[in-house]
């Protein structure tokens, strides 16, 4: 079976820490059991926690022997672009912002453990969610010899802490610097790509989407009445220019978050999705920059992919979304999917303008697409261009042979 | 090869007629060639043409020997529900409103031809589009002995009419009662489920989406500032109650079109999609009722389908959307897809409320779902319910065996 | 966590029993712990154990309080036909004979437990295999209130019995009537549909396929030099006549096993397949009747399914094979897949003759297929029939528009 | 519409020529119409026509102005390996030997046309088959400005030649050196990878498979009674050693054809398959080398791919087989599929021995696979290795939550 706290006595573990109630509680609880805790804080550009140095100080105050901040801003931005390039939305809408972040976090933190000779990686994900799966599988794949310890799957920890109430009491008792003692009615996970709000009141089907307070922008109702038009230029799948100015991936995401967030874009997508562990999850998501860049990307794609490539691309989107969601970003299947995708990504060069208005993104215009197969001339219903209307007669008569054969064989149902 | 006008001299054909410029032109052009034209007018509840009797009169004035109005309102509403039940949006957004209508039209008109002993079916679809394919394949399947004549694939007709200009001149010359002589900058196809605008100025990538004037409602900018909440109750996949009052399918669609249209819902979805004939098409779509009912349906589905069923359902959505788009609604593959779907449809019972606001649909609440597998108790991150956090330890260790084996076999790339 | 032996003291459990070493050992081991064991023996027409009454006697001798033989011969035959109708071979070759049998067994035994008020179901599948998954998931779905106890996942049992050696010693000590004390170099699971041989020596990649002694027939080398031709007639997906004589499903399988087995058909298919638990498995399979009936069915299908239906059918085959293999025969996804399949199954009527020769099945002739869309006339390369060669010119020119557009857009790689 | 003979008067075309009745007839028929015919003879290592110089002489005798032999042996061998690496069998069995050859032929011949400034490519494929599609689409993609002329879609040619009888009479009249005047009861297409026999008597469902005379080897009945064991070593997806001796791809195929053909391997796979044009086709195939190498490759793959990679690989096999069959080997979708595949191919290193016996291939042993994830230790049913049987308890309990939720939600049918 898995590791439990008593196995760790006298050992050093690396604990992925966000600085929240969970991190503080588990750090002290482990320290109380003679475990040396090294706090690992991934800098994912999380918008709800801009001061990671302060987080480090809090973790030390909770008993950590060391607090390390690992810069993963470029890594998460690059990963976000790959999600956009794959249009890897899970179960029809969720941009997988937390899913991809777990992989980025593991890949960023493990080398720090190796450097220090630490053999046990720990995280604060619960035993009912997807994040535990992502943390563990990514670790197993990238560093198979590393052991994983999860307090929320340890019965001693579970016995001590049934929920937030007991944790808050524990932190009070030990005077730990937990930020908010008042119970927020749901929990939030954050990084540069987006926020996911879930648990608490959000677990009830009777809680409306806008129960959640927007953090990366506003709900459409609070967005300005005046629309804005933005122009984004992509080069081989990467957004390079925004309104004519060049941006690197990190700044591009931050800028898009700001502008799209202000116009109510990318919030209110909520689903009752299927977790990998077989139970359903309910959340409200914010991802303004992902939504803006993702939709622009999709518009360009539509002019580039032909019917066969599009069908395969749709398959890749579904599969890669599943792979990320379930913690398999690093396995062989994902490598295959990404290799296929790269054949498309390199074609996505072009400029697109869209209008942002109270949660809506409207296409304005696009151009400069060297790999577009759209041709106004060929597509025209008027009698111009390369396409001969009469050829369609032969085309249809060929298709008709099969259609009639189905009818003759009694394969066309009476019920239709 | 296909039929041409000279083959039809002295014969009677049934011509699907909308009453527009095309219908008038081709009717008179054929009549001039001693072809007896029976005008077949499908009543699909088209919002842009409420007076079909007047259309019939126009067709007679153009030379038709008979004008028949065939009621297909119930049929199109039922078909629309099936599209919703399949979530059969083509290439990521288009509700297939024109695609499904062609099948409904053929199924409605063919019996009228058979009754009259007419052996030739004709339609006004061009030789570059999808509609010709749908008309022809549906006819081949439902009545394989029926021949199809398409003026737009007949070189004599094509020589006479290079575009709208020549048709308008022709209609003037023969004093045909064409409604509008002024050139609309794009063309529109309409039925109860939605409008599709394409061709003309819309063929250029530099034409913005809102170049099109909304006909079934308004663009979000013109929608009221005040949001509205509506409640829809589904029974075994069918919307039955709207705000507590019972409606049949036809009235349900008309009501939803009206209310959702008013709030800017379901417009501005535009794509550069792949036509079956291999060229791309660009259009702006309006489908307010489909979008409202479709999204509500999707919300209910999310609480019902488990991971495996959802994955198969997603496959069905993609495939059935393609089948409808390409004219194969009646073939064996579609029958298989619909049979699979029926196992899901019968589970979709429940009530859902959503808020409509300037193009946005926000989830408010849902309930009364006997087949929901969502459970706030089981999903909770707190320590309640049936799910034992410790079991996850075993779950993950089992999954980890494979993850580690991949690593040991050198299958986890260095590049990640 | 799961049940362990000490939880069962004084209770009555139903134990699925085959009469082999495992069944005897676990029955007595549980009896020794004051557990009342009711032996449940499913009659699946297993060819290696024709005398199930004797098995019952053995179980009683091992300490069972009751031994019940449940007739599942018709059920397994019907299930086998469904596997054939779906062509549901797992990972390219395995006819899923054990996989489907587990579902049939659970469905047959659970009502016996319910009748007796027994609340705990037990089986002898190990903690590394697929069978434990099938037993447990099928039970969870069909009777969710039933608990499952598996000795091979109970640490007390595992501590006592590291392998066959300890079990044989245990049986000797208690004088249990185990059939064979000599260690067979692999283990075999058997039912009317087929045998699967795995474990032991077969776990090594250096063990050749024909290390296994054929039990349902012979290896091709031992088959007669003289070929035999057989004729099978299917009606709506079911084999009805064999060489002109009518047979029910059970007798049809037994006859086909006999004749095909004699000619070396359906053996030697071996794979290193992926178990659900993530580890690989290696086995040698015998399924002569399944292979004969399955191949004949496939030949008929080929004349019936058009390209689109075939593509969907191939998807169903892969998915349903996976569902069966992983223990999900009863879930919603499987219901959807079977519903889709039923649209095909009802078309499969026809007569087919094949020649059996030393492991080979050769097509001889087929006919009487009312739903065949194959037409020698249409398919002919000669200038006859409905198909106009010139129409292909238009067909190809239409396809060529897209092909050329790809080239013009630089989407045809230089590397090819 | 397409080109017809009268368009070609005085022009030079390149005609893909096999040297058979078709090539001779069309060359002379075109020459008679003042068309300059350059005969292009692709050397694909066709086993039924070893003397291509003689073919060239025959074409000149028929009136060709030049006869060019283009070496494509390496190209076809490399392409054959890619088919094996993709396991791209069409509709469950056909190794796509003719399908892939058309692409190779076009890619080999077009540069010869370009060199000579020839603007029109011609081939002898009929208007009902798949080959015309492959020739035309490959040409459109690789050299979109090239025009294509097909005599079998030209009504003047079709009027002159209704079938073989008229062609033979024509050849006699003009004293053309056609090889066989006696009508073979079916036609054969050949290259190094395999032979396809179709048309003529094979069009009838009552013609048995072994009506065809084996050309690349023997039918199993005629194979030796003594089995042979061969050992093949693959390196990164390519067969390198055969029985310990190194071979290049061309020689590897020739050797495997010889040895596998002698033992009756790879013949008798026959199907009624779906042509792209919507009609069905019936053929008998020989591909002894492909079958031997392909099966060995599959055995190695089974030890390498995990469940997720295998599922995606199966998708690629189906799709790429369809792409090849339908003439889309060079399009974007195929590029994506091949890119995905390359992530697998590079893992396939290992040695495998199989036994060949009268049409059967039996696994003997395999090893030296650095990327294998199969582990006899982990897979063992005995209590050894990394896998803890008790972990499965947690694994199953997690899976069981969903299974029970389906039952509670009434989603498990009564009918099962």
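Odds and ends about this structure:
Per-chain residue numbering starts at 1, and chain names A, B, C and D are given in the order in which the chains are listed.
Assume a residue touches a chain if its C-beta (ideal position, glycine included) is under 8 Å from a C-beta of that chain, and two chains touch if they have at least 3 such contacts.
Everything numeric here is computed off the predicted structure, so don't read it as measured data.
Of the two chain pairs examined here, B-D and A-B, it is A-B that is joined by more C-beta pairs in contact.
For the pair chain A and chain B, the distance between C-alpha centroids works out to 32 Å. If you average the Cα atoms of chain B and of chain C, the two centres end up 42 Å apart. Annotation: 40 Å between the Cα-based centres of chain B and chain D.
The residues of chain D that reach two or more other chains are 1, 277-279, 305-307, 311, 331-332, 335, 347, 373, 375, 378, 387-388, 390-395, 397-399, 401-406, 408, 411, listed in rising order. If touching chains are joined by edges, the resulting network of the protein chains shown connects every chain directly with every other. Residue ranges of chain D in contact with chain C, taken from their complex: 1-2, 91-92, 107, 126-129, 132-133, 136-137, 140-144, 148, 150, 152-155, 158, 162-163, 187, 198-199, 203-210, 220-221, 227, 264, 268, 270-282, 298-299, 302-303, 305-307, 310-311, 314, 318, 322, 329-332, 335, 355, 357-360, 362-367, 373-376, 378-383, 387-397, 399-400, 403-404, 406-408, 411-413, 416.
Considering their complex, residues 304, 306-307, 347, 370-373, 375, 378, 386-388, 390-395, 397-399, 401-402, 404-406, 408-411 of chain D touch chain B. Those residues of chain A lying in contact with chain D across their complex are 1, 277-279, 305-306, 308-309, 311-313, 315-316, 319, 323, 328, 331-333, 335-337, 339-344, 347, 388, 390-391, 398-399, 401-403, 405.
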